[in-house]
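Structures are listed in the sections that come next.
You will see chain A twice below: alongside chain B first, and alongside chain C after that.
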Partner chain A sequence: MGGSASPAAPGATSAVATSILLQLGGAALLYAILKAEQGWQVLTLLGLLGFGFYLLERFPWLSDFATESLARVPVVTAATAAVIVLGFPFVVGSNTYILHLLIVAQLYAVLALALNFQLGSANIPNFATGASYGIGAYVSALLALNFGVSFWLTLPIAALAATLFGFIIGIPSMRTRDTYLALVTIAFGVVVHQLLNNFDWTGGPNGLVGIPAPSLFGHSFADPLNVFGWKLPSQANFYYLAAALVVLAIVTANRLHNSRIGLAWNALRADEIAAKAQGINVAWYKVLAFAVDAFLAAFAGTIYAFYVSYISPDNFTFLVSVTIMTMVIVGGMDNIFGVIVGAFLLTILPEKLRAFSDYRLLFFGIVIILFLMIRPQGLFPQRLRQYGGRK
Partner chain B sequence: MTELLVQQSVNWITLGSIYALLAIGFSLIFGVLNVIHFSHGDVAMTAPFIALAAAQALATVFGAAAPIWLVLAVLGAVLCVGLIGVALDKAIIRRFRDAPAMMALVATVALGIVIRELIRHLYPQGSNPHAFPRLVSGVAFEITGVPVSWFALTVVGLTVLLVALLFVFLHKTPLGLRIRAASEDRIVARMMGISDGRVFRATFLVASAIGAIAGLLFASYAGVTRFDFGVMAGLLGFSAAVIGGLGSMPGAIVGGLIIAGIEVLAQTFVPEGASYRLVFVFMLVIVVLIFRPAGLLGRTIMEKV
Partner chain C sequence: MSALLEVENVTMRFGGLVAVDDISFSLDRGTVLAVIGPNGAGKSTLFNVITGVYTPTAGRVKFDGADITGTPSYEVVQRGIARTFQSSRLFSDLSVLDNVIIGMHTRTKAGVLDVLFRPGIARREMAACVEKAEALLRASSGDLYEQRYRPAGTLAQADRRRLEIARALASQPKLILLDEPSAGMDDAETDALVADIMRLRTEHPELSVILIEHDMRVVQAFPERVMCIDYGRRIAEGSFEAVRSNPRVQEAYLGAAAAHA
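Let's turn to the complex of A and B:
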């Protein structure tokens, strides 16, 4: 193994133990944070989290050891993750607020993973992810409300509509760069938000109300979920749906990262001109990054619309795009795990800061600025690509 | 029809001047730091609040609300905001000088949130809109029966004066020369013995003070100020600076006039244009950047490998 920084490559037994314990520990921490109500509890947990990241910064081999352990026994890792994800609603029980937070966090994780294709892999700024998310939500909601199209059919249609939008934003991206490109995407985001806000058929500022709950094999998602006698609240339906989408996003991200496309994006990030000189079709890969982002974001938008059954333009503002961007940067660009952690942290943190009620946004802003100053490379920085066989 | 045209032209020039002043701040800061200071609009919009608070304080201390207190308060606010800009640079923004551009963008967006929330919490009843007086009142003269207010004339005159002063400052003073050198190439400027700390301080002081003037004029034009005006002021000022070409002073002025122009046009000639004005503005931004990717007056830099 190339990682000379790690003192010892983990053996099989220790790898299994590390993998299971780490994931269980992570889940327990997440549960504790979700459960925390009082201000001091939140602060203690945040302090604990901060200490953890301090340890990671101080002893870099810790994270190498962890990643290698997880990668060494992929089956155990995946099985543990599956058990945790599937079992979480049972532990949470009837606490619908926690389930709600988890659903939103998962949807944001998908959005952040979507943006990661551009911002992380190819270093293309995109402030229009919120707009793609909104287009997905509105297209599917309008189809369901006006034509009674089923949820499962609106998913691909909304995704295609948003992908088209992604191509449309992608085209100016061939000519502009950096700050100028950022402004083009901001402009697209504002235009979409303003149009949604003004058109009559999108419900204007009031949005769309009464989006019907989806159903699968005769089971309506509005009904409580019955699993072998366990009764889970209706939110559990959407929790599992969102979890499935996260898995899909992770698999997509992984496959793309390891493909020629991911490599081309990384080449773009490293040096656009050098990439061009290597025969990479720069324009095409840039537009592709926009399209993939919009496609995944629309999935998240559709699930969101059907979950809350009420959408308005204010769910898809410029600030939403900025939040998604912050998740990617805070989590760690081009690091799938990091991006997901970033999304969970930044979704749950503002909710927990409700303990500080009115000062919530203020704290949120300060935390982000401090974070960017203290750890600019993100919680989990991107890892070098590894080629060749393992020892 | 003529009256309408004249009336709207006056509105256009007034609003355009305000946007141009905002855009100049973005352009100046970007030119020197290569960083987008996205919270510049929020910094600028603190000025009306500071002025209101100061005017009130002066009036309570010295009794009787005299117009002189408002003038003093406004001047104080401009100075104060300039210093706030310097402080923010020293504390936060300069740390992102060498970071990837997007990092600075996100950090300053977060900074904008913090500034808005601080206004909301520190100013009494900060969540509500607050009336802001016309700084200059009265009608100067009439063209074809359309009254042109002293306020409009003041805005335009002040903008011309500030731009002229800025030009003299940048081109005729040693400090201006240093600022231009640093924006040309910071590393070489440093090798020539130019302390970049001073350059940054001066840039932020000037840019934030000009922004504060724009903020005061904007609040005065609208007759009201709100803690979240900074978002739109920032977006429109940033757009004006970008379509004009970042780092170019004439570009910022042209950009400001164009943005204000499309806004006024949309409001006047398009049915329901007032609610769609931002759509028109940002569509225009997209179109301009498709055809002129570096802005109208921006320099296209040939990249070397």
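Let's turn to the complex of A and C:
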């Protein structure tokens, strides 16, 4: 093997077993956390999770082995993931609250993946992801309400509108760096929020109401979903829609990460002057990161708007941007899987800590700090790229 | 055939400070120019002007028949000038291999749309890059190839220099600027570096090299043409022997008293 010392590469059989068991185990843990009601149940599960992360930190070869196993049998890994994602609503059954949490978690996963292009890959602290999310939601909602445009058509239009917005913030931002860049994006985020709050045509603080449910092949997403006699609540429609978006975001992120574009972003994260000396047009790649971020965030915004059917400026505040940023940092910068875990954890945890009522947010903060003490680089830190020839 | 690089009356001022003062020189294909001079003489500034980091206050830089004065540095790389830095600037959290692949940025084409919608093309291009990068690492002295999956930040100093040179070569330059490549190397490593540069010249006879050096053993190895800069001005140019015996050079290095002693 190359640099890091790790035990022998997993054989095919053990790779298949590891891939299936790991994913089933992960799904079971997620299910258990979602089902936990009592404070002690939640704490036990968090303890278990913390112990798992402790083991990962203590024995780095564990994550090497797991990653290599999953990568060794990509078809098995993808098939298992597909079965789990498709089957999850059947296990959850009619519990609409859990489905709701999963939809929101998936949308946040997309937002976190979007921000990861900037924060994780290129170290651009963009606090305006919430604004791109909002622009996506408002553009599609306005199109649907005023012009009766179908959901499927609003998706690309909203994404293009938000990408344009991404370029607009990107161009002045690239003249600044670090702290100043963060301030510019915060200002943009606040401006967008205030505009949404003050325009008449966006409904002002009341927002937009009555966004129609999308439909596909005559099936309205407001109706329960019937699959071979199984009846799933209407939320399941949006669950699958959000899952499809997560897959799209993962494929996008993966392709960009493993291309010269991802490398260029990483280069300017490490050393901007050296990046220029390699012929990288730093300004263009920064603006590009803004555009990709806005593009994906707008998809999430559109689905959110049609899912809750009611949006107001308060859904897209500065705090939303900060939450997304925390997801990326806690989950692991520039690690696709880590960012998704971060998004799920930070969406679900505050809900599960309701058992502690008034102390909920205090507990939430403590848990996050403890996790970061165990895994200072994020739950799943960035990994070096592996190319085919590594043997 | 005209010269590869022509620097004409270049002056670079920072406020009241004249870092480079009316310097002219030209360089033919396949030749080596060593630039020496005391610290702060303006050698690195000259590199920064040539590579487009700074736009000179006055004067022109011509490369390969085109005027590149004030061209952004990323386009200068595209035209065929690669450089290394005095304090090696590697992408420390990326692997050795990735560092070299990033060096090929200007020689690869896949754009966002290709990457997203024509993944096969992007993947093939990347695979070709990996192959080329591995070949460059194998060709480098030392065991960079064996260390290709290490984060570049964990390399030893001599390996960091070698990697910087490999990364610069990855852009298929016509001219390579080496800014104090021997800094932080011991005698054995310096000898290996000299051997590396010599081998580079035999393997790429068309490649021109400009070398900033303090270590006279390195300069001595490339004695054909040496230029000495002091206070931003060119004070001597010629063969190593001629420059070394030039009284102004001795004055610049040893101080006036020592030179007259």
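Note that in this section the second predicted complex is superposed on the first by the 376 of 391 C-alpha atoms of A that agree within 3 Å, B and C clash if a C-alpha of one lies under 4 Å from a C-alpha of the other, contacts with A are read in each partner's own complex, and residues count from 1 in each chain.
Everything below uses one rule, namely that contacts are C-beta pairs under 8 Å (C-beta built on N, C-alpha and C of every residue); 3 or more make two chains touch, one makes a residue touch a chain.
The shown structure was predicted, so the numbers you read here are calculated from the model rather than taken from an experiment.
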Chain B versus chain C as contact partner of A:Ala109, first or second or both or neither: neither
Which superposed partner A:Val341 touches (first chain B, second chain C, both, neither): neither
First (chain B), second (chain C), both or neither touched by A:Ala128: neither
Which of chain B and chain C A:Val191 touches, first, second, both or neither: first
First, second, both or neither for A:Ile250, with chain B first and chain C second: neither
Which superposed partner A:Leu362 touches (first chain B, second chain C, both, neither): first
Which superposed partner A:Val16 touches (first chain B, second chain C, both, neither): neither
Which superposed partner A:Ile280 touches (first chain B, second chain C, both, neither): second
Which superposed partner A:Ile211 touches (first chain B, second chain C, both, neither): neither
Overlap of chain C and chain B interfaces on chain A (superposed complexes): 271, 273-274, 277
Chain B-touching residues of chain A, taken from the complex the two chains share: 119, 123, 125, 171-172, 175-180, 182-184, 186-188, 190-191, 194-195, 197-198, 271, 273-274, 277, 318, 322, 325-326, 329, 358-359, 361-362, 364-366, 368-369, 372-373, 376
Footprint of chain A on chain C - complex, ascending: 51, 53, 72-75, 77-78, 82-83, 85, 89-95, 97-98, 101-106, 108, 110-112, 115-116, 119, 122-123, 125-127, 129-130, 134, 147-151, 167, 171
Chain A contact footprint on chain B (complex, rising order): 30, 36, 92, 95-96, 99-103, 105-107, 109-114, 117-118, 121, 231, 235, 238-239, 242, 246, 272, 275-276, 278-279, 282-283, 285-286, 289-290, 293-295, 303, 305
Of all residues in chain A, those that touch chain C in their complex: 2-4, 252, 255-256, 258-261, 263-264, 266-267, 269-271, 273-282, 288, 292, 382, 384-390
